[in-house]
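The block underneath contains the structure these notes are about, expressed in structure tokens.
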Amino acid sequence: MKTFLKSMLEDLDTRAGRYFAFFIQSLILVSLITFSIETLPDISDDSRSVLTFVERFLVGIFTIEYLLRIHVADKKTGFIFSFFGLVDLLAILPFYLSIGLDLRSIRIFRLLRLFRLFKLLRYNQAIKRFHRALMIAKEELVLFSCVTAILLYLSAVGIYYFEHAAQPEQFQSIFHSLWWAVATLTTVGYGEIYPITIGGKVFTFFVLMLGLGVVAVPTGLVSSALSQVRSEENE
Amino acid sequence: MKTFLKSMLEDLDTRAGRYFAFFIQSLILVSLITFSIETLPDISDDSRSVLTFVERFLVGIFTIEYLLRIHVADKKTGFIFSFFGLVDLLAILPFYLSIGLDLRSIRIFRLLRLFRLFKLLRYNQAIKRFHRALMIAKEELVLFSCVTAILLYLSAVGIYYFEHAAQPEQFQSIFHSLWWAVATLTTVGYGEIYPITIGGKVFTFFVLMLGLGVVAVPTGLVSSALSQVRSEENE
Amino acid sequence: MKTFLKSMLEDLDTRAGRYFAFFIQSLILVSLITFSIETLPDISDDSRSVLTFVERFLVGIFTIEYLLRIHVADKKTGFIFSFFGLVDLLAILPFYLSIGLDLRSIRIFRLLRLFRLFKLLRYNQAIKRFHRALMIAKEELVLFSCVTAILLYLSAVGIYYFEHAAQPEQFQSIFHSLWWAVATLTTVGYGEIYPITIGGKVFTFFVLMLGLGVVAVPTGLVSSALSQVRSEENE
Amino acid sequence: MKTFLKSMLEDLDTRAGRYFAFFIQSLILVSLITFSIETLPDISDDSRSVLTFVERFLVGIFTIEYLLRIHVADKKTGFIFSFFGLVDLLAILPFYLSIGLDLRSIRIFRLLRLFRLFKLLRYNQAIKRFHRALMIAKEELVLFSCVTAILLYLSAVGIYYFEHAAQPEQFQSIFHSLWWAVATLTTVGYGEIYPITIGGKVFTFFVLMLGLGVVAVPTGLVSSALSQVRSEENE
């Protein structure tokens, strides 16, 4: 019995293991949806009691799963203090902790339930390949993060000196200008803060010409690293 | 005669086949344009009667084409229930169905005419190469769709906690925040919903730095897969 | 003398040829700047007379250059009716035509002066490599243009059905929706037209996930084709 | 003693050298943060005196570092007039210059302190690889800068003729239209200036289809050049 449970819980190569993993993943998705629905402003009391029921059901299943995992683990303390052991515990703990407390403080604990998402990582084989691609391009990614940071800062300082006098409300400080730099160099461009002086516009032009490449190059690096990992696997 | 018709309708290697395919494709484009014009708010009665005439003419041609295709098919029922057989039928059926009905319900059936667009797929050889490129990069595309989905969700949860108190109207729930996450991570940035708190802006910065790559990597993958397909064909 | 003129005008491998090409290119840039300045709303009479002088000077030089090119050409009619022969003529013709006419009609002819820009193409060797890269990726670019067009159209039809009832002003017709599709799929997102219904937002999400790749793939193709051309040249 | 100082200041392969470089880099970051905080609109007098103290402390350290670097340099005048020698001097000079002057003129000198950022370049080995990648793709980057410039200009002229009559305020001149072209072709799309006429929208569509590739191709080139540099290093 324990052998079967062990293979079901830990071995994705068996049929039972795959079904169980799929079952748990589905429940995690359900718990995310209910978590999201709870934030909707107007929920009727009926809906709320349904949500509460689903909530208790999910925590029940997750608790059973957690206890079974401890049961089948070769080294029990090893599992409990492993990354996924702690994630599994954190996913259910807030519910039990909130029983004895008043309603307000629960809200904060609820956020911990998001750790359940990381459970998906456990089952997903493909994420390992992505991880390897990141390792290949690691150095370049660090370099470009630094260059991006410097570029964002210099852009913010520049636009501050061009626009501060014309728009003291919008470009109040270098920190406010940094927000403009982020929104502009990522080309999101919300449009609530933008240069209006000629100097600021010309500066924005040069910053964009320089910056678009810097911000977008890491994507190309990850993409080519992934192609590399794929072709290595094919060989 | 039937042999000639068959080659014209089904064989793109013959001259008649290419001309006929080009003729049908042009008519599909015309039908799309008239379909679009009909949605314009102010159309004079004269224009409307021209549109109605073009409409009847197109359906007439498409009906003849459909009947001819059944005529020349080796297995008639096989063609009728094939994907393109059904598309051809759905492209003309709404017109005949709407004759006996009142004007309101026609509107809904009209949408089916969009299936005519898929006819273009039948003739286009190049789409097969794109299809093969998608097959090569399939696994990565699935993985990145999942990572993108998780990232969008986590971004929405994060921004909800940062901005909900400051902008209860805009960031009403996690679902409203999801819309922000979609508009921001794709860098569309309509600008009708954006963070205003310092925490929210800093969070947006980190989400964008992480997210731009994730959202844009699939493009690089498809692009390199297409290059691969092209170089394989050249060999 | 004619031999020297010929080498100066047509041979970029000689010193005189390079200097002359650089000189003409600079004048083209000057003419573009004056052309732009003339559109400024408030120009003093003094500035305007300076502009007129520069204008006449430039046309004079370009006329001399044009006549010299005819002079040194091996086949005079061949040059006059070649692409760059016509461009050179169109660049100066509007000025002479406008002498006998009143001021209003000049405005329209002025636009022709933009053809001068194409002169830059004549001198730039590097553009040939870009041209070759485009040839390599030609088929894919045509295919993706078609797919992009279909995608834009389907997006427009979709959003029209989702948003027309909620925002009859903004999404008046499929043509108005097409503008939304263009601004959204290119991720420009001006923010003057965007979905507000839940259906429209979910539809936008799927359209963006599908569309970002389609719109951005051609860039990757051109970029890899250019790398290919470069490596071929190095061999 | 001088030998130890020299290795600490100039040799990153020794332990002391790395620690010292890290220490100076941290101080540069601190000085950037204090520089940014000073631009905040409302700072209490207490905070301001803390900032002044940190300011004096940093300039003290940087002065000692500068003098030590002169001390250990093999050719003293060679160091003083080298790029980083001048940067080090410019980073501390404004402080000493501002002692005898009134407060207003200091503001301008403060900007020079930004040169401190370039000190980071001295220590960062990885930037050399990025530099080499830029060298490889240099020709293409220059070409694409030119094509981008021409495209921006033609887009501006085009949109000016389409939108000037309909929006004389927004599209006042070709220079105003250039700002639109920059914001649109980089897909930032702030949304404070956009076409409203049908002609302008159709024109925008074609400009975007053509322009997105042109603006984004350099990124792909840099990215593939970087991959090339990395693979060359691995060999």
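Odds and ends about this structure:
As written, the chains take the letters A, B, C and D, and residue 1 is the first residue of each chain.
By definition in this document, a contact is a pair of C-beta atoms (placed from the backbone, for glycine too) under 8 Å apart; a residue touches a chain by one contact, two chains touch by 3 or more.
In this text the structure is predicted, and so the values were computed from the model without any measurement.
The best fit of Cα atoms from chain A onto chain D calls for a rotation angle of 90°, in steps of 5.
For the pairs A-C and C-D, the larger set of C-beta contacts lies at C-D.
With each centre defined as the average position of its C-alpha atoms, the distance from chain B to chain C rounds to 30 Å. Chain centres here are Cα averages; for chain A and chain C they lie 42 Å apart. Chain D has its Cα centroid 30 Å from the Cα centroid of chain C. In chain A, the positions touching at least two other chains are 175, 187-191, 216, 219-220, 224. With chains as nodes and touching pairs as edges, the resulting graph is complete, every pair of chains being joined.
Against chain C, in their complex, chain D makes its touches with residues 139-140, 142-143, 146-147, 150, 153-154, 156-157, 160-161, 164, 172-175, 184, 187-191, 194, 198, 201, 204-205, 208-209, 212-213, 216-217, 219-221, 224. Residues of chain D touching chain B in their complex: 187, 189-191.
Remark: chain B residues 32, 35-36, 39-41, 111, 114, 117, 120, 124, 126-127, 129-130, 145, 148, 175, 179, 182-183, 186-192, 215-216, 218-220, 222-224, 226-227, 230 touch chain C in the complex.
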